[in-house]
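Heads up, there are several structures right after this.
Same chain, two partners: subunit A is paired with subunit B first, then with subunit C.
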Partner chain A sequence: MTRRRLRTFALALVGLLAVAVLWEFYKLVGPQRGGEIFGWGILPRANDNVMPHVWDMFARYTEPDRRGSETRIWQTVLGGGWFTFRLAFLGFAIGAVVGVGLAVLMARFRVVERGLLPYLVVSQTVPLIALAPLVVSWGGRVQVGDFVWPRWLSASVLGAFLAFFPVAVGTLRGLKSSPPAALELMDSYAASWRSSLFKLRFPAAVPQIVPALRLAATASVVGVVVAEISTGLQGGIGRLVIEYARQATSDPAKVYTAVFGAALVGLGMAGIVALLDKLLMRGRPPTEPDIVMGATT
Partner chain B sequence: MRNTIRTRGRSRLTIATAGLAALSLVVAACGGDDDAAVPAVDDVVEDIEDAVDDAVDAVDDVVDDIEDAVDDIVDDAGDDAGECETVDSVTLQLQWFVQAQFGGYYAAISEGMYDDYCLDVTIAEGGVDIVPQQQLADGAVDFAIAWVPKALQSREAGADIVNIAQIFERSGTLQVSFVEAGITTPEDFEGKRVGNWGFGNEYEVFAAITEAGLDPATDVEHVQQQFDMVALLEGDIDAAQAMTYNEYAQVLEAINPETGELYQPEDFNVISYEEVGVGMLQDAIWADAQKLVDDAEYRDIAVRFVAASIEGWAFCRDNPEACATIVTDAGSQLGESHQLWMMNEVNKLIWPAASDIGITDQAAWDRTVEIAQNTANLEGATVLAEAPSPDAFTNDIVTEALALAQDRGVDTGGSGFSPIEVELREGGE
Partner chain C sequence: MRSELVHPAVAVAGVSKVFNRGSANQVDALVDVDLVVAPGEFVSLIGPSGCGKSTLLRLIAHLIEPSSGNVLVNGKSASQARLDQEYGMAFQQAGLFDWRSVAKNVELPLELKGWDKKRRAARAREMLELVKLGDFVDHRPWQLSGGMQQRVAIARALAAHPPLLLMDEPFGALDEMTREHMQAELLRICDETRTSVVFVTHSIPEAVYLSDRVVVMSPRPGRITDVVDVDLGRDRDDDTREDDAFYRKIIEVREALRNGGHDTTVDHETVDPDAVGHPLLGVDDR
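Our next item is the complex of A and B:
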């Protein structure tokens, strides 16, 4: 088992290294001023302003984030990443709860499914950047009792907005995937809808829910980062990306420090879902979702 | 209140000290029974005394801290109680992230001008998709900073807003090109690749092209520009749009691969739209027009807000370095020299203010409106379909505000202003 894990880890490293090598290889052989293929300018410029060296990008991490500042860039990026991670996690949690709730409703009442599902699909075609300023303007205005809506919560809500959809669709599909024989068995026990939901449908849905959650995890990161960029929320990785992008004229490598930070946040969220996966799938054979009967007896 | 705490603290201290001293005496007395044990007991007593001393010191420190904190609270409360019956909360929406372009407002917060005017100001930073005048029209914020043409466009679309203080007197838009391209006037744009940012930021470019007798649609190749200057340096654009306080500095912070040194101003030709005569009014403070009429309290807040902001800008004029630091401390990621450059260039757009900071000059306003109405972009669209009603700006608020600021001895004209010299470093660091 540990050997296999070591192998996976090593392969992941090799994969990353391969990308870096490919990047540097293109820099070596690619046209400095860009190039055309059949009249299409699709070959990117290989010069240092457009494609900085990989080692330059990583060297930036040890530099101070501003002249004379004690804070190194890696600290700033990690700080921003942690901020974004927390917002994304909240968005993911809200999205997962809402998604599962909607799926249960839709599985219970066909009429809800027929009426609601089209709207869910439509909701995902609304561009996030159109929604962001609207949701952000709730900040400081929406007030329920003593609770005043903070600006950052808007970013989480936008993350949740992207995250709930795959969860709702995946869970719905999962809830409807119980084997007919098992459902008939529950019926023959005169089981209530609720107990068949918890004892049969949910366990049977896990193989569909987990990949949906994985999609939701990364979607929530995208949602939060885009919300940060489009609304200028201070403190997160999205804001850093755009702040550093403004300095691309003279320091192109710096942008990548923040971009990698965003990737790290995504990896972190995916890692959490992987753990959840382990937890939910424990005691199951890895590739036999049909054996749910075992879990219910 | 302060004295009560001090006395109580001291008396407890005295009791504690006395108690420990008594204890040590008892210990010493007990030790007397057994001679051999006396030295040991003495040691213990000494240790205890040391410990007591340390503890007393520590308690003293804490007491001092508490006193300081209480002093601060009492002072603050005194100020508030002395001058303000109530403190009004105000939210200001910016067009972009915190940076020296908005230095005056941040200075007015950290230098206490807003406090002096009994205001508690929260600054809402802008973002890529935040339209400040829209946030204002939606009632999400109390005041907004916006460029005049864009705000007038929103106004024409139904946003009931009014310009209450024209902070920037001059336009800071440039068109920057390499000397080799030979572009020194808008006439030279002919046949060249000219960059612009689009999204309503392009009208000065089009106005200059039209004024030069060229047809924007056929005589010039337009290139949509990113918010960095890579395209100019890479040769994709012959003349790039740039703000004096930001993008122009970006090229001067980049290394010239031919010399290995930073690019120098001599390497570039710069066309200033203000000088060419097509400058449009930029950063101004906008307010909710209806509320200004209906709500006397809001109007009063507006006057105080403008007055304090003017004082903030006056502070930035006289202390550009301090103001740049304030902005950086507020969370800007821009480098030190870039920030100071921006502060200095923004000062140049405001000061000296011909008819005091914030007063909208009718001629500049008319020119802005004229260009906004008559200059078509590539799609044939103009910023404005018709002239805005005369109440789109008012000098009433700012006139009252200027009187307040002048009463407090603030120089609102800045006739003696002279910019500082800022040396840009690589990457703006």
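Our next item is the complex of A and C:
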């Protein structure tokens, strides 16, 4: 088991290395001013302004974040990543709770499923960029007692907006996929809907909930980063990407430090889901999830 | 003696079941079925596929309602009996929950009855020892063989000590050797716990070996065509399977199945086992 994990890790490293090598190889042989294939200008320019050297990107991390500043870029990027990670995690958590809640409602009441599901699907076609300013302005009006809606909460809400959908759909499918024989068994115990939800439907849905959570984790990072960019929220990795991208003409390698930072946030969320996976799938058969229940029909 | 003990374990009176009444695919699954199972009695239902065996079992379990007629379990209406968990059920698939340990699977019906943790654990252990799986309490279902899984399912069905056990081809997926072993175990367990059993099977030898009575059914429409008393005594073991009396009963059930509703009588005393062909062949109706 650990051997296998070690191999997976090594393979991932090799994959990253291969990308770096490919990048440098293209810089070596690619056309400096771009190229055309059959008249289409699709070959990217290989010069240092467009494709900086991989080592230049990493070298930036130790440089000051702006002229005369004490903080190094790696500190700024890590700080921004941590900020975004917390927002994304909150968005993920809200999305997961809302998604599971909606799935339970839909599994319980057919009317809700038929009335709600189409709107959930439509909701995901609304462009996030258009939605972000709306959420910010709605949030600005929320004031319950001492609670004042902070600006960053809008970003989390937008993360949740993308995250809840896969969770709702995956959980609903899982809740409805309990084997008929198992449902009949619960019936024979005269179990209430609540009991069969917690003792059968939920646990039986876990193998479908986990991949849904994986999608939700990525979605929440995308949602938060896009929200940061489009609402001008300071402090996160999304803001850094924009800021460094503006300096690309003078320092093309710098923006990549922030891009890698965003990737790190995504990795962090993936790690959270991997932990959840381990926790939720504890004691289950290692490969086939339904080995015991079997396919009854 | 308390009065509830004198009620029949099951009393099915004039029960019919029609699926999809009035539509093109209407099925008369059961027509005018009467069946009484005495307390402690072991009754098998046998018959070709589609003759309504599972339907009859599900009616007794109150998983479906009869179209007409009346079902009593232990003197109560079927619906009340289900609420009171007067019966346990086991199917062809063990149907264990793979996210629960073996012991927790057995505890499931007790959890639903609201038993506390300590009492549940004690009963689960007791039941698992009864089915000789005392060493597998903390195992996961998927770590057990098919026969062991089926024994866990039986332990689960009996965990609340119901007076009645309903089984639908529980050994159908097991190999022959495991199957015979499980049959002997089931008889021992039911004797120890004094449980009445209604047992659906395809196999004639299985029905004869296990039962006090074999109820023979036939399809289209599903009904009871014959009832064969199996007076082989309660102490049955591997030698029983090689008894002449055992063979004669197998032939009797086989004849009843072949006649399936036709009114021919066979003088069972004069039948020569060799002349009837293969008495050990089951009803092939898959």
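The rule we apply is simple: the second predicted complex is superposed on the first by the 287 of 297 C-alpha atoms of A that agree within 3 Å, B and C clash if a C-alpha of one lies under 4 Å from a C-alpha of the other, contacts with A are read in each partner's own complex, and residues count from 1 in each chain.
By definition in this document, a residue touches a chain if its C-beta (ideal position, glycine included) is under 8 Å from a C-beta of that chain, and two chains touch if they have at least 3 such contacts.
Since the model is a prediction, treat every value here as computed from it, not as a measurement.
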Combined model on subunit A where subunit B meets subunit C, clash or fit: fit
Touching partner for A:Val112 - first (subunit B), second (subunit C), both, neither: neither
First, second, both or neither for A:Val54, with subunit B first and subunit C second: neither
Which superposed partner A:Val98 touches (first subunit B, second subunit C, both, neither): neither
Partner, of subunit C and subunit B, that touches more residues belonging to subunit A: B
Which of subunit B and subunit C A:Ala274 touches, first, second, both or neither: neither
Partner chain in contact with A:Ser230 - subunit B first, subunit C second, else both or neither: first
Contacts of A:Leu200 with subunit B and subunit C, given as first, second, both or neither: second
First (subunit B), second (subunit C), both or neither touched by A:Leu43: neither
Which superposed partner A:Arg66 touches (first subunit B, second subunit C, both, neither): first
Minimum distance between Cα atoms of subunit B and subunit C in the superposition (Å): 48
Common ground on subunit A, meaning residues reached by subunit C in one complex and by subunit B in the other: none
Residues on subunit A engaged by subunit B in the complex (per definition of touch): 33, 45, 49-50, 65-68, 129-130, 132-133, 136-137, 139-141, 151, 228-235, 239-240, 242-252, 254
Contact footprint of subunit C on subunit A as seen in their complex: 179, 181-182, 184-185, 187-191, 195, 199-200, 203-204, 206, 283-285, 289-294, 296
Complex contact set, residues of subunit B against subunit A: 91, 96-98, 122, 124-131, 134-135, 138-140, 227-230, 233-235, 247, 250-251, 253-255, 328, 331, 333-337, 425-429
Touching residues on subunit C, where the partner in the complex is subunit A: 61, 63, 82-83, 85, 87, 89, 91, 93-101, 108-109, 111-112, 140-142, 149
